[in-house]
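Some structures are shown below for you to check.
You will see two complexes here that share chain A, one where it goes with chain B and one where it goes with chain C.
Let's turn to the complex of A and B:
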């Protein structure tokens, strides 16, 4: 839209009117369905709010004080951090390796890329069922393979020590194809002349990777880390469906913050207390996102 | 990264062969769960736990049971309705907002864009509690239009879609829209008849992502669906355990039936899906 010199004021006024007419319904939507509920959650967190009770007394910061001593919340927080720390680097590293290898091949590249992407579009609930079966201690094919390799069968999802890693494995399996596609696009955007110049200067493949590929992939990496972290911090569906009867088990070892919120709010109807947990989760997501955007985008700027 | 500079003569480069080998192994690992699911779904009850990879006597019995003895088709229909309506709504509103933010000049434009984008950081867990209190207060969850409305209302617009469509509309030349304006075309007509057809690839990619996202949505439907007849496919299959005992054959058949349509859609629209990721990822 160029503002023409003749009567610019009227044109701009007309544009403003049209724009706000177009935006009216969407703005109402974002206000009513996103912003107002956010403030309502903040407000709820200051009440002892139980949907089944008559009285919903105001308790100030009491819910937050209780949270500090809530061991289950502590465990959920620790687990969620663990999922993020395992999952995000793993899927980024594997995604980059696969994308580099896919960039090397010509034939079958499109087919391979599509096949790696298939888990990403698979319904999580169905994937979780299959995962349970694959890693079943008694009947699972994974243990069968381990036995061929003379490794003792493992308990996987039924062990408090292995369940979290097995669950993270499912999430990585589902997200990997998405990472690969992102990195392939990032790699394709790097001009080839850079590599040609590097080779003329006698740079090794490794040097080219650390000095050209990685710095120029920085926007893709930042995007992957930020979106990946946000999604891992909200991990819910996979965890619930891998153990529907003992959600977050065994022994709370797979419990996440999101699942704890769900149990508090919709299992015990402690919605005020659950809202306090959501506020903490929101603050964590906000802080991590801003920090990552600030530091990760700067690292390679020179 | 010598691949970029190697000449075609060095095709049998051992490192390329190694890449093929590693990639193929990766594919086998990636696709194994699908193969296991399909093959198990074809096993009869007697064979289920015998650890063989291939069924000795393949049978479609599990599928027959899923389709006739469970509510699978009802769940499937509910999911289709929910994902279909939300997709149409997202396509219309998100492209309208994206277009307005890209092509109009008005006070508050940047603020509105930033506010919409910032909603991406609000965790769904934070919103579901007030949403639940709201739909319960309005007694929406038990009647027919109300129950479906309460399942789908959070997804009727998406900040991600606004972002994607704005990117696409920004690359559209202004002259075209200006010409239509001089011809006296109505502003909505310009959007609908001129601008929208030019961003069809973006619409296709947004449509697929929105549909998949709502088809697979779990947390909110699990919370808000109170009557069995409104269950969507993920909620229905998740609760399968309780209703059918752990009948693995049935579960694998139901999972296959849930996965196959999605994989078909993906196979058909692979290019648009990947293009959509590329555009959001690179410019994001």
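Let's turn to the complex of A and C:
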């Protein structure tokens, strides 16, 4: 066989074509199971679409108008914002502290890392049950400890004022393991020579952290903030399982937008109205993510 | 390859032979509950023996997802021919045209009303019945004999006054740390039904207008009912909601021997019989000393025929439904599943009325009211939130009743518009 001299660029073009061909399959999949339903939801939100009715009348923006006056939606929106504002900074701060400490220890390193990662791989439903017993006002060990410290026992999940924070605690505890792993990877990517150079220049530990560690962790932090925010905005499973008979309760104090959508759509079959809420949630997530990417991403010269 | 082909063709061949023999196959759906599924399988065998030309296929789904499963099968145009539904979901399914009215020739309205207990009239819409139950459920007071005895209460309470006195003797600890509850209060358990359908009536009111389109509990009686119920928590401190974490907090805590009394339905009998390792008993729901008005909340699961059943399938479904609601089946159901027969005659049976466990539930049948729900999930939420606004936030009972009435009326208006 005669070898034909390859023209420059042919190989590359062929590789590109192969790549596109392979990408086509997942793209089709995404199109069918993700994008098309998303746009259908947009359309659905303009109808009074009750799954059980034969007639699904077009109502224009009526669903959105109802939303503006829907107290429960307002509450769910506020709660979701609170979860995010409490949860994201807390899990990033704790995750960073733990990762820095775990990065230093040498003995039983694997064991410690496994211990901190365990909550992340624990099924959410099981973790929610354990949390309920831990924070049970009656029998919970948390209240027992509080009483040893002469602090009055608290109502936690059964109080409209404390339930949200207690729920956020569970989510933070569960996400922490993953957060620690992200930071460990980020820390490992920082060349040791920077620290050595800093040491020679007489930098203190604090200076090394603020001038080297934190700036170089920026990509990790941005990634964590963006993915963390999205996961809090979609919070659902923990909330459902922490108060199963009054989901989102007591008095709607732990209700999230995602749970509200679910209840409207699959508890009360108001698909049109639920779609309107979905569209709003989608717009919010999109806007926040774009803002975060714009303001948090900074380039540091290395 | 050949093997594969045979495999692929065999269901076809199978269905062809069936078509040749021409038996009609109908599908029946109910939720997954071991004793119900087993009993239904036996009943189906019996039915098929009586009707060799009909085959019944039972399909079951988890309880929590059951209504969703049925609802999502409606727009898909799939699903069962005969379906088991909670009566409170009926308006939505009738409205959607999913259920067929029961043929008058096979199920005459008069005959239904003379042979079934009165609460089943909530299955009648537009003058026609759309579904019928095999069994019904009412509420009663379960009490822990041992705990009451230890506290010096020798006879279980028959009046609310005695109920409070007994519970006060049993309760140990103080809010928020109780060790034993006098009353396993749980607004989102059965209690919100007690406030709506029992206490409102006992205070001389009525919760809904006769056609069920208007709430009428935003009244003196409604406020009194709400005040009385929330006082059990705030004033008398008989117990606390969510004593045990979990889905059936009050019942689990009762079965663990940590609660003196709970209000629960006859559907809980089986679970409590299995779970409670102490002496326990059942008495009818208390009344007030002053007037002695009795009331109860009745509920039931019905079997109806869907729009999927046409022609031969419809005829087979009618036969199957007749079989399911027959007195024979009701008797089997009572013995095997432990649910009260829906027939007046059977539930009037002296041995059932005298039964120490079933008696108090059967006793309540003549005056048990079942609410005509149009959006069970939404209406429940309105009530649970109203009660919680009093016991968790210290709101006034009058405002709570007003809020519940506004919210629930909005839901009713949305349905009846």
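Quick notes on this one:
Following the convention adopted for this analysis, the second predicted complex is superposed on the first by the 270 of 302 C-alpha atoms of A that agree within 3 Å, B and C clash if a C-alpha of one lies under 4 Å from a C-alpha of the other, contacts with A are read in each partner's own complex, and residues count from 1 in each chain.
FYI, contacts are C-beta pairs under 8 Å (C-beta built on N, C-alpha and C of every residue); 3 or more make two chains touch, one makes a residue touch a chain.
The model shown is predicted, which means the values in this text are computed figures rather than measured ones.
After overlaying the two complexes on the shared chain, residue contacts for A:54 are found with chain C alone; chain B is out of touch. Of the two partner chains placed by superposition, chain B and chain C are both touched by A:129.
In the superposition on chain A, A:114 makes contact with chain B only, while chain C stays out of contact range. When the two complexes are overlaid on their common chain A, residue A:266 makes contact with chain B and with chain C alike.
Once chain A of one complex is fitted onto chain A of the other, the partner contacts of A:285 are limited to chain B, with no touch recorded for chain C. Touch criterion met: A:252 reaches chain C, while chain B stays clear of it. In the superposed pair of complexes, A:74 makes contact with neither chain B nor chain C. In the superposed model, A:89 makes contact with neither chain B nor chain C.
Contact comparison for chain A: of chain B and chain C, B touches the greater number of residues. When the two complexes are superposed on chain A, the residues of chain A that touch both chain B and chain C are 51, 129, 133, 138, 244-245, 266.
In the complex of the two chains, the chain B residues touching chain A come out as 1-5, 15-16, 19-20, 22-23, 26-27, 30-34, 36-37, 40, 49, 51, 53, 93, 96-97, 99-100, 103-107, 109, 112, 115-116, 119-134, 136, 153-154, 156-157, 159, 162, 174, 177-178, 187-188, 191, 212, 215-216, 218-219, 222-223, 233-234, 237-239, 241-242, 248, 251-252, 254-256, 258-259, 262-263, 265-267, 270, 273-274, 277-278, 281-282, 284.
Chain C contributes residues 68, 71-72, 74-75, 92-93, 95-98, 176-179, 188-189, 240-247, 249, 375, 377-378, 384-385, 388-389, 392-393 to its touches with chain A in the complex. Put simply, chain A touches chain C in their complex at residues 50-54, 129, 132-133, 136-138, 143, 147, 153-155, 157-160, 244-246, 249-252, 263, 266-269. Interface of chain A with chain B (complex): residues 1-3, 12, 15-16, 18-20, 22-23, 25-27, 29-30, 33-38, 40-41, 44, 51, 98, 100-105, 108, 112-119, 121-127, 129-131, 133-134, 138-139, 141, 144, 173, 176-178, 181-182, 185-186, 189, 192, 195-196, 199, 205, 208-209, 212-213, 219-220, 223-224, 230, 233-234, 236-237, 240-241, 244-245, 257-258, 261-262, 265-266, 271, 274-275, 278-279, 281-282, 285-286, 289.
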